[in-house]
Amino acid sequence: MTRQRRKSKIGMSPGSLIYTGERTTEPVKISVMDYTPDRVDEFSDASLDHIRACLAHDSITWINVSGIHDMEIVEKIGKIFDLHPLVLEDLVNPRHRAKMDAYDNYLFLVLKMVFQEPDQKALQYEHVCLVVGPDFLISFQEREGDVFGPVRDRLRMAKGRIRKSGADYLGYALMDMIVDQYYGILEQMGEEIDIIQEEALENPSAETFSAIHSTRHQLVLLRKTIWPMRELVAGLLRGESALIREGVMVYLRDVYDHVIQVIDTVETFRDLLAGTLDTYMSSVSNKMNEVMKVLTIMATMFIPLTFLAGIYGMNFTYMPELDWRYAYPVFWGVVLVVFLAMFGWFKKKKWL
Amino acid sequence: MTRQRRKSKIGMSPGSLIYTGERTTEPVKISVMDYTPDRVDEFSDASLDHIRACLAHDSITWINVSGIHDMEIVEKIGKIFDLHPLVLEDLVNPRHRAKMDAYDNYLFLVLKMVFQEPDQKALQYEHVCLVVGPDFLISFQEREGDVFGPVRDRLRMAKGRIRKSGADYLGYALMDMIVDQYYGILEQMGEEIDIIQEEALENPSAETFSAIHSTRHQLVLLRKTIWPMRELVAGLLRGESALIREGVMVYLRDVYDHVIQVIDTVETFRDLLAGTLDTYMSSVSNKMNEVMKVLTIMATMFIPLTFLAGIYGMNFTYMPELDWRYAYPVFWGVVLVVFLAMFGWFKKKKWL
Amino acid sequence: MTRQRRKSKIGMSPGSLIYTGERTTEPVKISVMDYTPDRVDEFSDASLDHIRACLAHDSITWINVSGIHDMEIVEKIGKIFDLHPLVLEDLVNPRHRAKMDAYDNYLFLVLKMVFQEPDQKALQYEHVCLVVGPDFLISFQEREGDVFGPVRDRLRMAKGRIRKSGADYLGYALMDMIVDQYYGILEQMGEEIDIIQEEALENPSAETFSAIHSTRHQLVLLRKTIWPMRELVAGLLRGESALIREGVMVYLRDVYDHVIQVIDTVETFRDLLAGTLDTYMSSVSNKMNEVMKVLTIMATMFIPLTFLAGIYGMNFTYMPELDWRYAYPVFWGVVLVVFLAMFGWFKKKKWL
Amino acid sequence: MTRQRRKSKIGMSPGSLIYTGERTTEPVKISVMDYTPDRVDEFSDASLDHIRACLAHDSITWINVSGIHDMEIVEKIGKIFDLHPLVLEDLVNPRHRAKMDAYDNYLFLVLKMVFQEPDQKALQYEHVCLVVGPDFLISFQEREGDVFGPVRDRLRMAKGRIRKSGADYLGYALMDMIVDQYYGILEQMGEEIDIIQEEALENPSAETFSAIHSTRHQLVLLRKTIWPMRELVAGLLRGESALIREGVMVYLRDVYDHVIQVIDTVETFRDLLAGTLDTYMSSVSNKMNEVMKVLTIMATMFIPLTFLAGIYGMNFTYMPELDWRYAYPVFWGVVLVVFLAMFGWFKKKKWL
Amino acid sequence: MTRQRRKSKIGMSPGSLIYTGERTTEPVKISVMDYTPDRVDEFSDASLDHIRACLAHDSITWINVSGIHDMEIVEKIGKIFDLHPLVLEDLVNPRHRAKMDAYDNYLFLVLKMVFQEPDQKALQYEHVCLVVGPDFLISFQEREGDVFGPVRDRLRMAKGRIRKSGADYLGYALMDMIVDQYYGILEQMGEEIDIIQEEALENPSAETFSAIHSTRHQLVLLRKTIWPMRELVAGLLRGESALIREGVMVYLRDVYDHVIQVIDTVETFRDLLAGTLDTYMSSVSNKMNEVMKVLTIMATMFIPLTFLAGIYGMNFTYMPELDWRYAYPVFWGVVLVVFLAMFGWFKKKKWL
């Protein structure tokens, strides 16, 4: 599916809207929150006329679009807010990396949210786009979800300064929440790495290796996702957009600190996993060594004795020892001596 | 052939035109598209006079040259457009890396297109050069091909803003298409890497390794090719050439995003492949371990017993056990006990 | 516990104070030192009114808060000094990385102190925050401790220029002491690495490996902690805060040198440990090699001889050698010759 | 010899001339080309007076000195052109890395030429220095050679713009030729690496490894040599010397492109070689694996059977099987069954 | 001892002088050279009054202090020249890394000299500090030594421009000599690496590995020492101190080139050693392979034959072959055939 997309997309004029994610039949849902310091109006399943009405007021309007597979709706919204064709193109391309584009009268942010389905190892990433204007914010999500619920609650209850601030602060609040998701994921991962490390040291098995491998795989993808987020926030901090007011900068600096801490942790985990891999390899090679030693000890002890037994199993007519009275007990004595000598030698070599 | 080239080229004055790619006898084909917002004129197999005629109009002229092995034609075109000797030299050197040179009245771009012949593993790279002037664009390809077909269609059908924009926008459209080719290649590679990874974990064979090796090889070359493309686009974005107008910058930023995403993906694939190699190595070493264990178990179980059988095969005259009534069944009992003891020990060591 | 925190914290408005470290029931202790060049007043277990009183004087006031788990106290202090909500949030988050935030009328520093519990291998890190104002300094520690004792002594005895300098110099003195803690830790680590290196070369065992592994683990975490400290001090040196006067800069440069030296040493230790790991691996593989040689020598010497003995143990009716008079001594002669030949061959191959 | 040098050199005042390369008794040869757009005068074996005469004219004078072991001549030339003592010191130190020093009235370049003696694997580097003045250029070579022959030919035949340009263009022409030498070397190396790669995959032997090793060694040295050349050209491009006129800059940019391409290729080769080493290692370990399997199959098949034969070789008086009529054929039947069972098991395990 | 130091030092006010190197009882020796272009006065074992006297003249005064363990003397000198307490603290801390601190009226340099005791492998580093003023230079060495002898000779004999130049040139002369020491060490190391490389390829032994290991260890430390020297000289070149006059800059650039060359060489050696380690590992694994092959060949050849001999050693009553007339010669024939078949197979597999 995905491959087909690119082929058909190549050579198209920029801004040609083709949704490239998984196809779904769920209807697109648009919900609107329109607020001033004094009131909040909520519209779930809002129509485009609603949006236009809200924009007319002197208020902050937050439009949340769940689902980016209906090109028609995306295009209509694009027309209302006069979005650049390239913005629309990136909006509906869920594989686009995080980035920030400052246009004259709005700011376009592509973000990546991380989450984990209950019974799956692999982390999932969701493409979330924000268009931040002077008095509006549009958020696009791939699927309907409750990720922004807490922010909605803060708006409803007028907690903190959120209702008194502009669309830029709302944008910050959403970004902060998206970045916070990474923390939970990393903490869980940190605990898994601790377990893997112990296992690799004490009791390495093929499962240990496969856990190392899959965690490393997750980290590679996580790292690929989070680095562009850093550039994004750094770009905002450099003041590339006039839409972010001075007062919000200190909050963005906080988000930046969080992104950096996520990156630090990812890099540290990579280092720890590399160490764990070495540990695993070393444990496996130690076990192999032990197997070899057992083989060598057994073979080295019995091979000469078997040879000796073979000697006295020969049928030569003239073998004087065969008729000696105490030959058999003497033979056992020799066996014992060889055994003890070998045993002592292995002890000295610390193989036993 | 290639080696000979360099030797003969060393010491030549710059601008001496010697084609250094594969020699071919196909004739060079020049096609021209001359357009204004209102009309498009196409000339396939255009002559140099055609070109001169088109340049006289107040229109955008796109000259596409398929084949760079005919020095005479290249030189003539160079004369028409007053190109620097070094530009011509780089034009006909298919091994030159991607780069951007801003001259006073034109912009010279060396690009690398990637493609894959249907039945071959190795990626092919084609040397594509663009000379972008104020109202003309010359594109040089190594071979005739339909790569720029979609752009031609957009010109013919006046899709998007292409016919209303200048030569710089046309240049962007061609670059965008060349960069888009990398996506398709990388997606296919991504799927191959997934397959290799699974194979390395489940069922490693010499073929798995050779697949890892060859994919890595491809990635090394891909990386070498794409990095200079990044510098090229970054140079354009820094505004090093006045020929790129402000309105086209936002499109170039889009191309830049794509190049960065290609680079990110290449680096991620390298990381994943490195992990896969470790997986393969570990799987192979696990298999070796298993082989060793089988050997050790077999040898350790039977070597002492063979020794015991050897004992009672000896021909000593005085061996009391030999004449015991139940010696033989007792012997089998001992064998059984040793077997069970060994078996238990291996179980405890988790070798079985 | 920690995981729960993040989940419950996500979506909260910034500045919502939730302590995320280990919970403790010890009461928070506030001690105050108020000094001018001429006098020092000390208050242990100071109340908030004390603090307000001290601030009214024309003196430097150092408030030390031991324990950051009582949100109420932290909030009250925040109110007295008019601290930003984000400062309070970072104050009570012991997992925040080191950083420097310059606010208009104070400087906020997050530092990480390292220490080692007597009987534990793992290094412990303590979250220490400094708020440096024009004539006050507030230090927050996670636990009550005597780490700042020597600075207190210097204040009491008016040693050096500490009492004659401002809050910025006091801040320097505390940072210097925190950085100095890393030295002691690193020296001890350096000695351990020397021991491990010798062990890996002479007498490698599973314990050696586990020591390499755990030291490496400690270094990864140490590195993660110290790098942000470097950025912090570099930020101060760049003069990002006007609260640091010119005269203190030379002292900060000294702290910076120390931080760099700590980083250098950590990197060097990593290099040395990587070398030690190679040494260990090589030693282990050498031992394996030796085991293999013993096995091969034993098997190679006795397998042909056992075959020979087997031959003459056969029961064919017509085997002329069996009846030869000197067959048995000749057999022993052959055994001896084979032995000597093998021995010579192994000597030549340097296996013995 | 070399070691002695440094010891005796330490503590000398700068500019003390001591030749530190291989000593040779060949006489130093000075050749001069003096040219204007209209004429070329050549003097081989020129004397210092010749040089002074040429400098008096209004022409470009190129002095080529073959051999830098005669301190007297070097010092005299230094006096004529008023060269800084440090320039002379670096001139005669063939182990100095490439660099660029801009003095007030001349530019001093240290370059490294690469070449390969017909029957040797190791690359050779020659120390070539250029002193570029406003109307003269002095080139110093370690040995007499024909490396600059093509440039001389271009001068004689007035090919291209070389005779119409200044000493800076001549300097470019020489640098370009030196950089071009690296191409030939790298192409040859590329072909060798292809061969090694195939060998490592198909038929790895100790020779393959030693080829990997020696190529890597060459690359390490090549890399060390070429990186400073990059800095040198970059320095010139930054316009650090006023002696390079604007018109020559475009040519230097071309040289810079070439140096970058050489560096790219070296890095790519390093990557490819690292892959080849992994391939080799993996192939070797696969072969080892195969050896182990053969051993294990043989031992596992025959050890139990040998035990069985040992059983019936025992001399117990009461062994009922021995007297059974069909015991012997039954024994062979058992042998066959064990064989087939083992064979099937190995097939299942894919060891056969 | 060292550990104790840090603990006792923590929390001290900056500038508290505690010598942290090896304690020695040798008396501190101060020697003075006072020179103008026309004369040199030397005082060995100078007193502090001497120094004061020299400073009064209009001359350059070079004070060399051998031994930094006598705090009293260091403090007195500090008072005479009005040195900052932090300068004195770093002076007597032999483990401080190289650095440059520009104070208003003097320049403080911490340098690291390398040397090698005749019979020791490990390199030794000596802490050398320079305080460069407008007309004086103080050098502090840990031990009395003749390292600066050659510079003294140049002063005495008025060789070069040293006596005509200022204290900054004298500082350069001393730095140059310290950097030159690294050359000799590196050349020796280069020769050792060549030997090790050959050994690793031809005749790897545990000693080879231990040589690789110890050289690598030396390089890690050397690298840690030399990198800060680079920063130091780069800082001087950036003109951070007004005490370095323009005319001396060209000499410092020369020192910089040397430091860079030392760093290049260290990095190259690291690369070469990494290659050597791979070579060693590969050689060892090849040897192991050979051992395994010998074992496999022996076992594979004799195990089936031993089984066959075991067959005919069985005591079944009814074994027709036993009574055949030519059974025994036929048996030997079979042995021979098996041998030859095996031999051919091994030949085909290239194991022989």
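Each chain carries a letter (A, B, C, D and E) given by its place in the written order, and its residues are counted from 1.
Here, contacts are C-beta pairs under 8 Å (C-beta built on N, C-alpha and C of every residue); 3 or more make two chains touch, one makes a residue touch a chain.
Remember, it's a predicted structure, so these values are computed and weren't measured experimentally.
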{"item": "Set of chains adjacent to chain B and to chain E", "value": "D"}
{"item": "Angular offset of chain D relative to chain E [C-alpha, multiple of 5 degrees]", "value": "70"}
{"item": "For chain B paired with chain C, centre-to-centre distance based on mean C-alpha positions, whole Å", "value": "42"}
{"item": "Rounded Å distance between chain C and chain E, as computed from the means of their C-alpha atoms", "value": "26"}
{"item": "Shared interface positions of chain C, touching two or more other chains", "value": "285, 288, 292, 295, 299, 303, 306, 310, 313-315, 319"}
{"item": "Neighbour-by-neighbour ring order, given that chain B leads and chain D comes next", "value": "B, D, E, C, A"}
{"item": "In the complex, chain A residues that touch chain B", "value": "2-3, 6-7, 9-16, 84, 86, 89-90, 96-97, 99, 101, 206, 209-210, 213, 216-217, 220-221, 224, 227-228, 277, 280-281, 284-285, 287-288, 291-292, 294-295, 298-299, 302-303, 305-306, 309-310, 312-315, 319, 321-328, 331"}
{"item": "Residues of chain E touching chain D in the complex", "value": "149-151, 153-154, 159-162, 173, 176-177, 180-181, 183-184, 187-188, 197, 201, 250-251, 253-254, 257, 260-261, 264-265, 267-268, 271-272, 275, 278-279, 282, 285-286, 288-289, 292-293, 295-296, 299-300, 303-304, 306-307, 310-311, 313-320, 351"}
